[in-house]
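All chains are identified by letter, namely A, B and C, in their written order; residue positions are counted from 1 within each chain.
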């Protein structure tokens, strides 16, 4: 091993700071550690994140990868004349959300949720934007391709991990990420055969034809 | 969003910090000032330069343009080294041994001792391994470069000094210096016919026992 | 620019203050465009359901069915082209409505309640995803709200070889160089050999004893060590040739590299 001038923790902090500034891509702690001959970089990352917390530039973790980026509250001062961000069509936005909240998910499952066919270009465009990737095949008849999001997706939308997806816990708890069949069966089992007797919210509303007048 | 983003100097400092971080090119103070609606940015630039003076990243002014760059003393850490373990070839081992036993020695002398030409890459590999160094030139016509071993060589091979290398007599006593054909038979019996894939001219003498039968 | 057509909105999303096809600015043509702006019947249904301004869980399916059918009928009255799937949905919803209004006893499986509930569950799921998408897009996005380093220096990767060699390899390599290039002093060591003369004597003596063909190997000393055997083979072969040349022996070989047979030449 070569002598590396990194005896004091300060030097490692500086080195990690410089490496992340210079890096063209976000870096995992492991990649950084490998870069610095196995040094333990997590304390340095935490120290840097704290140091930059209220500066114009922040150190953030996105999908286990670390990167510097400008502080969000300065957005209006930094926004360029020409927006660099792609404007997503509604179809693309919905497909992206479905992939993110349901991953891994097949095209048929996406279409079941949206009730409409997904044009070939939509998934391609999301993959070209590097937000969605093919995550293998589902081992069911037909072996359909399944899709998932990428670290770039987390990065772009400022998510530390998929658990940070807005409202994902509530959606999960409400069963809104389960397929309709599962949800129906669970509901049917709970309500029993005489659904209309117990005034459950789900079916009670069906009894009011007057509302449509 | 804050209604008046730039009343306190802190906010301007943060904004300048973020703008220079995100800028694709170094920016003049005037350009920055124009970006921030005519705000006086020089104090902010000075404050930032002072703040970053001893960090891993510096704010520097080059020809009236300001930019962030990594600290010069960390340059060597930002190059990432990937090690690839490689076995020294038979030819290179021979050359290394000749340098060790005969140093300082010129390439022509090495070739005379080996009895075969030495490819340029062989000495390069030994210098890359930091076992051999250029030790000057011999003051003879043509002033050939002469080579010698390094302290790294001694430490790698566990030698206190070159005198620790076994002498010719010791090699002989160890049976290492036996005439080739006898030594060969012994070797062939020990390592089998295909042990040597080096293919250097030097091994030709050891070829094909079947031929002599 | 890398934007692909499908990433752009084909048409603006229907405005929240929508109140019927007739209200669309631009008349009949705009209506058609607006219908086209929905991503299929489920999308339109969700939009209609939202206009009831109640939780999707409490939505009135019957009201929804009526709105949808009314919508399609108005579009039809304006002689607009309506995509087949919108009409299929309209027919299915009309069936669902009639089934919901019929007395329970006459109903088949699956029950209209089940169908209605399933439709409601689908609308909830699509609504949840639409909301999630909106919240996702509202986050601080790179290139819009936050920016990465504009001109990163980049990290260079240098490949370095870690050469490996050990002491024994080094020393034996040197020994072999020395051995190989030692001034060629041929020290003829004492070796067990059979000279040509003794082979001649031996082979001709043995030929004198036997009449039959004998293989060359049978002339060799039986229990000699390998090196002597090799030498004997060589000299016996030369002796055989010599004897043949002198007309004292005959040599026969059936095939190339086959065994060599000798016998005494007929006198």
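The rule is simple: a contact is a pair of C-beta atoms (placed from the backbone, for glycine too) under 8 Å apart; a residue touches a chain by one contact, two chains touch by 3 or more.
A quick note: this is a predicted structure, and the numbers were derived from the prediction, not measured.
Distance from each chain's C-alpha mean to the overall C-alpha mean is smallest for C.
No other pair of chains has as many C-beta pairs in contact as A-C.
With each centre defined as the average position of its C-alpha atoms, the distance from chain B to chain C rounds to 35 Å. Distance from the chain A centre to the chain B centre is 41 Å, each centre being the mean of its Cα atoms.
Chain centres here are Cα means. That of chain A falls 27 Å from that of chain C. In chain C, the positions touching at least two other chains are 147-149, 153, 155. Within chain B, the positions touching two or more other chains are listed as 18, 21-22, 68, 70, 78, 80. Only residues 19, 21-24, 35, 58, 67-72, 75, 78-79, 83-94, 96-98, 100-101, 113-117, 119, 121-122, 124-125, 128-129, 155-159, 165-168, 171, 174, 176-177, 180, 183-184, 187-188, 195-196, 201-206, 208-209, 211-212 of chain A touch chain C when the two sit together in their complex. Of all residues in chain C, those touching chain B in their complex are 147-151, 153, 155-167, 169-182, 187, 230.
Taken in their complex, chain C has these residues touching chain A: 2-10, 13, 39-43, 52, 55, 57-67, 85, 100-101, 113-114, 116-118, 120-122, 124-126, 128-137, 139-149, 152-155.
By the touch rule above, chain B contacts chain A in their complex via residues 1-2, 5-6, 13-19, 21-22, 35-36, 55-57, 68, 70-71, 74, 77-78, 80.
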